[in-house]
Amino acid sequence: MAWLLLLAPLTSAFLVWVALRPYPRLSQAVSIAASGLAFLTALGIALGKVGAPAALSWVDLPGLRIEIGMTLDSLARLMLLMVTGVAFLIHVYSLGYMAEDPGRARFFGELSLFLASMIGIIVSTNFVMMYIFWELVGVSSYLLIGFWFEKNSAADAARKAFLANRVGDFGFLLGILTFWATCGTVAFDPGAARGLAGNWLAPVAALLLFCGCVGKSAQIPLHVWLPDAMEGPTPVSALIHAATMVAAGVYMLCRIFFVLELSPEALSVIAWTGGITALVAALIATQQNDIKRVLAYSTMSQLGYMVLAVGCASTTAAMFHLTTHGFFKALLFMGAGSVLHALHHEQDIWRMGGVGRKMPLTFVTFGIGAAALAGIPGLSGFFSKEEILQAAARNEPVLFWMAAFTAALTAFYMTRITLVAFLGKPRTKAAEHAKESPFVMGFPLIVLSVLAVIAGYSFFGIEHLLGGHEAEGKNPLVPMASLTAVLLGLTAGAITYGRANQERIAIPLFERKFYFDEIYDWTVLKLQEESARLLAWADQWIVGFVLVRGGAFVVSLGGEMLRLLQAGNLREYAFLFALGAGGILLLLFGR
Amino acid sequence: MGTPTLGHYLVLSGLLFAIGLAGVIVRRDLLIMYMCLEIMLNAANLSLVAFSRFSHQVRGQVLVFFVITVAAVEVAVGLALLVSLYRMKRTTKAEEITALKF
Amino acid sequence: MEGFLFWFAALVLLGSAVAVIVNRSPVASALSLVTMILALAGLFGLLGAYFLAAVQVWVYAGAVMVLFLFIIMLLDLKAEEGTPLRPLGVGAGLLILVLLGAGFWRAIPSSAWEANSARVAEANDATSIGHLLFGAYVLPFEAVGLLLLVAMVGVIVLSKKDV
Amino acid sequence: MHEGLWIIAAPEVILAAGGVLLLLVESVVKLQSRAVGVLVLGVHLIAGLCLLPFARTGAVLWDGIYTWDRFAVSGKAFFLLVGMLVTYLSLEGEQKIPTARAEFYILPLFCTAGMALLCSVRDFVLLFVALELVTVTLFVLVAYRRTDASSLEAGAKYLIVGGLATAFLVMGIAYLFGATGSTQFDGVARSAESEGVGPVLLLGLAFLLVGLGFKAAAVPFHIWAPDVYQGAPTPITAYLSVGSKAAGFVVLLRVLLLPFWNSAFQSHWVPLIGLLGALSVLLGNLAALPQRNLKRLLGYSSISHAGFLLLGLASHSFLGFASMLYYLLAYLVATFTAFLVLVLLEQEKAGETISDLSGLAQRSPLLAWSMALAMVSLAGIPPLMGFFGKLLVFFAAWQSGLHLLVMIGVAAAAAGIYYYIAVVRAMFWSEPVQHGPIALHPATRTLLVALNVGSILFGFYAKPILALAAGAVAGIGG
Amino acid sequence: MSPLTILLLVEAAAIGLILLGASPKKVSLVAAGTNFLLSLWIYAQFPAGVGGYHFVENHSWIALGGLPEIRYHVGVDGISLPLVLLTTLVTLAAIWVAPAKIKRASEFYSYLLLLSLGALGAFVSLDLFFFYAFHEFALIPTFLLIGIWGAENRQFVSLQLTLYLGLGSLVLLAGIIALLGVVPAEERTFDIPRLTDYLRENPLATSQQMLPFLLLAIGFGTLVSLFPFHSWAPFGYASAPASAAMLHAGVLKKFGLYGLLRVAMPLLPGGAEAWKPWILALLLGNILFIGLTTIAQKELPAMLGFSSVMHMGYLFLGLACWNALGVSGVVLLMVAHGLSAALLFAVAGEVRERAGEIRFAELGGLARRMPFVAVAFLVGSFASVGVPGLANFPGELLIFFGSWKSQPLLTAVVVWGIVISAVYQLRAVRAVFYGDLPQHLAETGDVEGVARIPYVLLMAALLILGIWPGTLLGVVGSGVKGFLSLN
């Protein structure tokens, strides 16, 4: 039964790919049914009605046994529910959002493939299985970002995403190999990991595995793909680049925490990476004009929080925030998508304005999401962020202050986009003529906004699922600080952008995203490009020309020389003949 | 001036052979080259007869007989060929019949 | 006496052989060759091969050399113009001479220098050669006959104006 | 002399008698030249048939100067095949012969007779005479197109260099005779056994090798080959490149196996032959690279094949000799195929350069394929005979410890692929210069197909040929 | 008669029929289809649990004093069976995608069949002679295929390829001879199983193994385009007609690896160990040097050619480390690479044919005009960069696992290859199929109808093996076990 989780979306993806592409309605139906089925199965699992099936052996060779199985512990259950739930909603939402796109059958097929891969990651029982689905998630993400492949920017963004992920996966695979070589297994087996304890390889393995997360969860320095990934259709941004896939990195860290915890050094690297990412992304977000990009940087920043939490050894906090963030970020993206849909894909917030009045449902739900993200008390985001700040405060004060400052920034930029996009006067014709989106798009917004409000409360049971609230060591300073930060951010945002019709602050460093893209263009890409050119030159001229054709040339030159012996003159022939005879005599008698 | 031994004859024949060979190499006229080939054959004959004499074997002389005959045959054919060549190219100089080369 | 005759014949032999090469005029070369052949016939005689000496004179001096002279006259060959021997050619010739000479010299066993005075009275060499020719060596003899036929046909084919 | 009256049935006798008879008849009744050609083929056939009953006979005749063993029989059969193929080539290419076409068919009979005789020699006198029979006939044949300056030039070059070789040969025989007092192979062997290998004997061996090296066209005595191959009438080029070369190798095998099959001798001639072989493969293959004239190219190629054959000889083992014989047959098939195609193309007034073959595949697939298979076989690519031959030769040489030699052979063979492939390229890639299909006589068609099939079949399934070769080598009884 | 012999005879008969004037494409298709079904039957009948060779046919072929006996000995074990399957499948696909109206069609299809016959023969032969002869036998058809039907620069490229491969084959021949030369005379045989058994019980001294192994490694290495003996490959494949490139890059090239696997490594383990550092160094050249070179390519077929060279690096790594994981991975990856390379070259052929353009700068947006081809190319690309779910991934993974324990650093560098290959492969996808559609490509048509079947077959095989590598690993395992008892 539990195999349905994987098989339903996989079958859907396969069917759509092979046969159903010419029939968009059928494809949509199949795909939505598959995601619904997956959600129901996940529900069944969460309620304990469906158990884990026996594992299948995928590769069984001496020294290496790789299984395809299912882990259905509490961590997986929570994640499954969140992922399948959000995915189902987004499938429904896409019905409306993609209604006019001619390629929507393909879109739904790819969504199904993504869902299957994501579920695969969640239920993995071992490193290799996780790696398999990990990569597949990358592939489906590539396909979905590049869904509008005829747009150059989308095509480039897809490639960038895949490559950045590949770099991370490179480390991940090496980490898996290190783990396997030391522990003798690829299973998620804390018992086996003891082989790593005290070993100098422990931090190496941990950090290599963390590379996977850096790529997938868009941590600095491999984060550059995420903002560009917004070139994909908005439901994709909501599903993959906000709620689920990017969170997979964090989920993976939690899943393999038994390796990470063997090495405090690695943990602190992870924590700092998360903290810095959170801060930098928030700073950048304050200066972006594209609504989806702001959301993307905020996603990155929130992922930084989660990684920070893992680095502070608080997987509970990380998972908590992961879940709530999944809800409200999906909500935000879908809200933004609703706006874009109405504005014919106008993404610049300065070319919107006053949309709130035309699209009340979207406005309200977006507002709830923004508030949750900003950490307004009483909404889910507040609770989960609080946990993380607590964890940071316990571990490293500097990180805590960074995180708090980030919280302020979050409130600031969320205020900024809400005010600029939804309030004020319409700044373009499109904004004036905006209309509320259809109900299929509105319905998921409503559901998610409800979740965004209640998910933080203990009655909702997330923390229960994760094994209880960590009561001990609550720092009273933390809520104070975070509240202050949020308020400061809100106020600053409201003051600055209350009635603004154009940008009031200009910080090029933030606007240009800390010049990461440029730096990469000038270093990594240039280096690769130039070395490729150099080597291609070397291959063509040194190996191909000098060695191969040179060798051939020397041989044919030898031929030409030998040919000159044959000058046609009989006297010379006689001489050579006699010389040969003399040579033979010399050989026979010369010794 | 003692009695000539086998060694004397062999040296003589060797010298003759070498002179003939040198002649083939240094002369340009095919006809003279051909004469030098005859010298070489004669050198071989001298060796044969000398060996034959000093080992009391007549078989060597039989070979000399054949060599002389064959030499005559070769000369006949060769000279006929040279005549044809001369008719064609108006020369018998080795330097001037080098159309086939390299 | 035998020693004297040998040295005399040897000198004539080598001298006329060298003369074949150094003479510019083809006729002179041919005549030197005749001299050489006659000297060789003398040496054959010294070695007791009287039959061969006779054949040498008949076939070589008589037939072959006449043929040569005839062709020289027929083709009206001029003396080689300029120096007949260019330094390069001479150098090459000398090199070959040295190489071969060294080979020959090394090859001659010391035993060859021992005077072999035990001159057995020769059987009539013409007889024994004849026995061999028509006995054991009848096959090569026939083959040589065939060779002569081939030569005849060949000469006709090669030189006759219109066949 | 009565003991072997059946020897009248020997091919050399029948061929010679047939030749004389045809000459006589031809001088009385004016026969058409093509009729003479067909008659000559008939003579070969008769000789072949007469050979059959005595294939298993063994005898040594005439005081031991003539032997009849399986090697001799195989050799005679081989040369009969060569003779027939040459005659067939002449039939196809006789338009190129200006005069005396009848004799052009008859003279090779004597030459083939000489070669057949060479297969049986056990005496240096007979060897000399038989060899001269071959050489002198070839002098005439090479210069046969006497209205053509290049044919005459080739003849003159062959004549002078051939004369040199003869002189060396005679000198060598003289020394051998002087050292051992015998002109017979076993006499030499016995003497070498009892008295050891003296310098005179070695000198004789050296001069003999020079003389035979000329026949085999092995470096450094190859110098005549390219010019003569290019200038001679094409059927005669084929004859030279297979018949004359094979004759040289047959004699080498006989000589090295009987009189010089002594370990004291071997230590001298094995490295020597190996060296000649290495030089030949290198020079032949390298100098062929820039060639554009096909006949000249095949001339250089034949030098390189002499090298490979010498490699087999240098391995001085049963396998080496057997592989050499196999290689000879492979070489025969491929070379004759190539020359047959060349002769046929000459009728089309095409030139002799590689580019004249352009687009042959479109004009006549059979010709193109035959030529291609010949080239590929010569290059040593499976599944053709040439490949298996090379494999055997290399294997034999390696087993005899001639590792460096094998390496050189491999490198040279690799270089050789270039020029063989260049011929294939011209035929298959390029567009034809002339157009229109080439008409072929059904017999020619059959012959080409037979040669191709043989080349493939016996390359892949070499067993029957190898059995013959092994039997022949065993027949010498070294 | 062994079904393996029938495989060979079917293709030979098809060539015969074509020569006799039958419709070339139809005959070839029928022959290839028959062979594919037959090989599937062989696979189905293959007793995976039992080691050793099956479907054996063994006659004496040539026996001569002094020459080791040559036998007609065919059979498959777990290592060659996958390659036989690969050959028949790719042959079918290659023949199917070939245009029926090509110039000199009967020649074209005969050469394709000859190429396939050579590969098939080499893979089923258990006798060194046949093993070698069958492979080299395909040399001339390749030469002609590229030379006559090739694209840009075909003359030079084809000549270079043929000479290079000819040289490699001859070095290989020397290697085989040298190998037999070090075996005591009375034990010499061309029979691979017998030789293996003998050398297993009586290992040679390492010093004796050095030269033969070197020659074999250079010979086989050249045939597999081991750096720096690769110059023949990229542009050769770039210029070859699609079907020829599919068969050569996909199938025939595997011969070299198969030879190392079957002959060089098991028979000369000492030599392998001694030369291992060199092989490891050279394979880095394949991965890094050629990998980066691939990035710089500006034309689709050339890029595919270089990428095919680069991928050989993984296979050499798996071979060099010589353990159960690595060798299983090698067999799997050989098959997978064969399939993916065939698929990609087929697509490149379609692009060349239909768009009339191969330069990246001039292409773009073709996914809109030819969605099916785009999908095929994507699948091929993903397979080639080692995405899970497609056959290359388990192969590469097993190789990495196999080599990690003994060569962690080197493996790490090689793993970086998955990033490099993603860079160039996705760049190609981007340049050819994504982005703007230039005006001159607006009329490009897609592959339709039955012409899609070969692509579907290749993709299906990639998927099946990727999702469930057990379909082959079970078979491979039985073969690998036999080898590894060697050391």
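Order of writing sets the labels: A, B, C, D and E. Residues in every chain begin at 1.
Everything below uses one rule, namely that a contact is a pair of C-beta atoms (placed from the backbone, for glycine too) under 8 Å apart; a residue touches a chain by one contact, two chains touch by 3 or more.
Just so it is clear, the model here is predicted, and its values are computed rather than measured.
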item	value
For subunit E, the least number of touch steps when starting out from subunit B	2
Chains contacting each of subunit C and subunit D, listed by label	A, B
Shared chain contacts [subunit D and subunit E, defined touch]	A
Chain nearest the overall C-alpha centroid of the shown protein atoms	E
Pair exhibiting more inter-chain C-beta contacts, B-D or A-C	B-D
Chain located farthest away, centre of subunit E as origin (C-alpha)	C
Chain whose average C-alpha position is farthest from subunit A's own	C
Centroid distance [mean C-alpha coordinates] between subunit C and subunit B, Å	6
Between subunit D and subunit A, distance of the C-alpha-averaged centres to the nearest whole Å	76
Chain centre separation in whole Å, for subunit B relative to subunit A (CA means)	95
Inter-centroid spacing, subunit E versus subunit C (mean Cα positions, whole Å)	69
Residues of subunit B engaged with two or more neighbouring chains	10, 17, 20-21, 24-28, 30, 33, 45, 50, 52, 59, 62, 66, 70, 73, 77, 81-82, 84, 97, 99-101
Junction residues of subunit D, two or more chains touched	125, 128-129, 132, 136, 139-140, 143, 146, 156-157, 160, 164, 175, 199, 202-203, 206, 226-227
Residue list for subunit C, restricted to those that touch at least two other chains	89, 92, 96, 100, 103-104, 106-108, 137, 140, 144, 147, 150-151, 154, 158
Pairwise chain contacts under the document criterion	A-B, A-C, A-D, A-E, B-C, B-D, C-D, D-E
Contact set on subunit B toward subunit A in their complex	21, 24-28, 30, 33, 94-95, 97-102
Parts of subunit A lying in touch with subunit C, wherever the complex brings them together	571, 575, 578-579, 581-582, 585-586, 588-589
Complex contact set, residues of subunit E against subunit A	160, 163-164, 228, 230-231, 289-290, 292-297, 323-325, 328, 365, 367-368, 375, 382, 387-389, 393-394, 397-398, 400-401, 404-405, 408, 411-412, 415-416, 418-419, 422-423, 426-427, 429-430, 433-437, 468-470, 473, 477
For the subunit E and subunit D complex, residues of the former touching the latter	61-67, 104, 107, 129, 132-134, 136-137, 139-140, 143-144, 147-148, 154-155, 158-159, 162-163, 166-167, 170-171, 173-174, 177-178, 180-181, 185, 211
Residues of subunit A touching subunit E in the complex	17, 57-64, 128, 131-133, 135-136, 138-139, 142, 146, 149-152, 154-156, 158-159, 162-163, 166-167, 169-170, 173-174, 177-178, 180-181, 528-529, 531-533, 535-536, 538-539, 543-544, 547-548, 552
